[in-house]
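Okay, so chain A shows up in both of these, paired with chain B first and chain C after.
Then we have the complex of A and B:
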């Protein structure tokens, strides 16, 4: 068994600093194990969120050596242990304490997105018929565990703080899941263009890179949504037709 | 009245997993004011980890299925000590609850003709589990969450409840604290629904999340409700055993449903050696027939690996104890072997079991499409819980309801895989509906300032003890010692002397828990949270131990080395725990309600 050193952010909204800790490293250990060890033996009040410790709930997000990660899925063996491992809270959200941030903004954003609106059932028992092939692409988006690492890494939120104008990659994936749902009849294109701020995304693909569920956020969700918005609002032929209609009405 | 923020609700729901969310949706449909308290963030509750599927007799894959078959399977799996009425309601209502999820946006895997696909699972006669790969729990919780947030439910995230508030006999609210800021909150409600899930964190090796600390069981018990069937703790046969960091992490039964086999170190499929008599007629007696079953042959019987969880777990323990285990003390679970049978097996495995593939690859350096997995039993689920009325889910305390894992009855002595998610939906809905009805018919009760002051005072006590000076102990060591002890003394194989030792140990742990201290301040302080969770963990551990000592027979998940057989008298007896007037835990026996003739007939016909 070897030891590793850590620099863990300790503090709250008023300020803080990195504190050094040491932990024993055993085979197969993940960063969250080290946090638990430190919590149990050296710093009972070290704040970090976690639930399942199996990569399924998306609670334990933090920045490990500067990279947004689920601490429960980051193996110690993947990190260089000859220098201290730094663990910091996510940067795109206000700090509560230590590694815990206030992610409530995300929950408020989701509430504003128009909910699922299915077409009438296909069968008398109230059920629908859908082909697996049509379900596949939406199932990719529904793998999302809402860890908010994509939100954390997105420069529109992280650097430019456009939380009021832009819903972020997580919720663009959410809108994509609704828009491409085989049963959904709602049209969210106007919202995407205006309230959701899809135009602010300049497809740097950082979100895709950090997604622990390997969802191809940019290529499969955001770009097709951008295309739908363009089709709806910027198609030159449709624009001509619309202006012709308006002229005729006058 | 102490100066804490007070929230007024008609119905307060404690717990935000499948049962809590479903109850909240139903209660808000009845146009009452609903509050939902989550110990964690919304959508992170333990339901998110459910993998295999939701059991419901939709009959999409095999039209011979129906509620009667599902009912008989559930009763057989539970060794006939289930609450028959709950098992009946569950089997009848589960299909409608699943279809409802689809109407709210859930996207299950499909049959070739476009309907909801169903998969095989242990103890279910026909393919019955509606699923999404092996992440069904995520699909279910997200669907309920996304539907629920538009219904005007007040969600209180990261709030833990320390006490239920009472007005005379009746429950009229709860006192909690906000984990982020450490402030107390008062919830004033006409009805309270407990949906807090399980107790897995009483044990060292468990598939459960940190928050499965038996809060609902303990809150109900201390408020005067009865606990039932607490001796029945399910150890899931397949948890990861290596590396140590992931020991206990769940490996879905879906692996076996898709054709995975269990072998010992000699490569022998040991499950075929010991098929219980009551399952002989419906279990394959050779490997070939078992394989055909997993591939959808309607005339084949299921392989022995798909026997019920209690039985499979005990067979695994036997193999390990008798020296036929794997290097790290487990057995082999192999799905990679199907490459001998089907083309593109690796792709098939990754599609049907994506999170298992991911989990083993990332955490265990094992590629399950090429190598076997090392697995062993892990504490997974408690069949016991708050005793409730089958139709309304109300406990013996007026205004106090319970649903999901923290309620008892549906599963008897052993739960079938997939019956948990359907239980959450069926009884979450019923609890929400009847809690709303109760709230509408009741006047608001009085909350007591004295009870709140005392609850807050005792919750803050750990701050008065200075751990840094070395005079007091922190909470983590007490928690570890409890988990170690429960694992060792009240685990899969139980014995009188060991469990009596556990009772003495629990008394000592209670003493230590009353004296733990914490460092730091009240803002998001996990040390403090752990100190408070200890009270729930110790209460439920004591309940499990006392009931397990009393049941001097082996039945379902409860296995006694000193009483290895079933006992006819115990088979007709329920064990009920209640807090006595002196504060001590009291246990009494009660006869099990008799099965009505029409259901007896159903069971006979399905034999």
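Then we have the complex of A and C:
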């Protein structure tokens, strides 16, 4: 068993500082185990959020050595232990206390997204028929555990605080899951361009890098949505074609 | 136990708690892209040593006007203004250049390496102001698909150049015979890598099937979408290998033409 040192952020919205702690590291241990050990032995009042300890509830998000991580899925053996391990709360959301942030902005954003609007049922019993190949593509997006690590690392939110103009990668994934669904009939492209601010994403792929569910956020969700927005608003030929169609219909 | 006061507010440029060498990747991208831009600009302005035997440098293909036997419409036109520098490459390079400039992969890479927006993931930025791709000029990135159409034409033209690079003229009789030189291979590898890059384009992926929600209803689109997606997964790798290949193909033809390298005739 070896000893690891930690620098953990302690404080609330009014201010705070890093405090040094130590923990005994045993085989298979994750950062969340170390936090619990520190809570039990040195800092009973250390606030951290967790629930499943299995990488599935998305509660234990924090920044370990400067990168957004699930603390329950980050093994101590993956970290260099010759230097202190720093643990801070997520930066893109208001701080409640220590490692706990207020992520409620995300739930408000989700409410603004146009919900699933399926076409009329395919069968008289009110059920639908879908081809497996068509649902396969959106299946990837449904793995999201809403840990909001991608929102935290995205510089549009983290550095530029564009929370009012940009819904962030997590919700672009959510829109992609709805928009590409074979049964869905809603058109969210105007929202994507305006209210959801997809143009603010500069495809730098940090969200993809941190996603613990390995969702290919940028390549499979954001870029395809950007292309759909181009179809609707920026492609001059399509625009001419659509205008001609509209005029003919009239 | 308390030590250093660190604010959780806005970080300054380069500030991060990442202990790894996060700056290596942007520096490598910066140097790689700069080297290519400098070399290709220099090569494009030369207007000489761009062809050798049956080989034509990809920077100069198609040669719309020019002095080589590859020229489509003869030498530099008389109406070309005297003050404007002329080179066959300058007439065409804007198209593949624009394709790469507006490519989704390169955009993400150069926003990081050249504009530090962000310098690397979770690292502080130099500027507060941020407009993303919502305003001019970056909103123009949305025309990427039109550059794709041009790039597809270039793939066809460069493939034709490889075919032409298999027919060597006999200096004595002037008769052409089939052959393969190292230059033929260099040009062929270049076209393969450029195809891997171009056919893995995100816009192509969208246009061939990605834009459809019920792609299974169009089996040909579904197959094309699968093929493009397969190349698209390694789009970054194709982008870099094809960039090196196209630069090297020009260098190869150039050095052979200058007599510094000797082309090796394999067949």
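For this structure, a couple of remarks:
The working rule: the second predicted complex is superposed on the first by the 237 of 250 C-alpha atoms of A that agree within 3 Å, B and C clash if a C-alpha of one lies under 4 Å from a C-alpha of the other, contacts with A are read in each partner's own complex, and residues count from 1 in each chain.
The definition used in the following text is that contacts are C-beta pairs under 8 Å (C-beta built on N, C-alpha and C of every residue); 3 or more make two chains touch, one makes a residue touch a chain.
What you are looking at is a predicted structure, and each value in this text was computed from that prediction instead of being measured.
Model built by superposing both complexes on chain A: chain B and chain C fit together without a clash.
Contact with both chain B and chain C is seen for A:181 once the two complexes are overlaid on the shared chain. By the touch criterion stated above, A:14 is placed in contact with neither chain B nor chain C. In the overlay built on the shared chain, the residue A:247 is in contact with neither chain B nor chain C. With chain A as the common frame, chain A serves as the apex of an angle whose CA-centre rays point to chain B and chain C; its value is 140 degrees, to a multiple of 10. In the superposition on chain A, A:131 makes contact with both chain B and chain C. When the shared chain is aligned, no partner comes close enough to touch A:3: not chain B, not chain C.
Once the two complexes are overlaid on the shared chain, A:224 sits against chain C while remaining clear of chain B.
Taking the two complexes aligned on chain A, the least Cα distance separating chain B from chain C is 12 Å.
Judged by the document's definition of touching, chain A residues 131, 181, 184 lie at the interface with chain B and also at the interface with chain C. Of all the residues in chain A, the ones that touch chain C in their complex are 7, 9-11, 15-21, 63, 65-68, 80, 83, 86, 88-89, 91, 95, 131, 133-134, 137, 153, 155-156, 158-160, 162, 179-182, 184, 197, 199-206, 209-210, 218-219, 223-224, 226-231, 234-235.
Across the complex, chain A meets chain B through its residues 12, 26-30, 33, 39-41, 43-59, 73, 75, 96-98, 100, 102-104, 107, 110-111, 115-116, 118, 121, 125-132, 135, 138-139, 142-143, 145-146, 178, 181, 183-184.
Residues 40-46, 48-49, 99, 102-105, 107, 109-110, 113-116, 132-133, 135, 137-139, 142, 146-147, 149-150, 155, 157, 180, 209-211, 242-246, 249-250, 355, 358-359, 362-365, 467, 474-477, 480, 518-521, 523-528, 530 of chain B touch chain A in their complex. Of all residues in chain C, only 1-8, 10-11, 16-20, 104, 107-108, 111-112, 117-118, 121-122, 124-125, 128, 130-134, 138-139, 142-145, 202-203, 205-207, 210-211, 213-217, 222, 232-233, 235 touch chain A in the complex they form.
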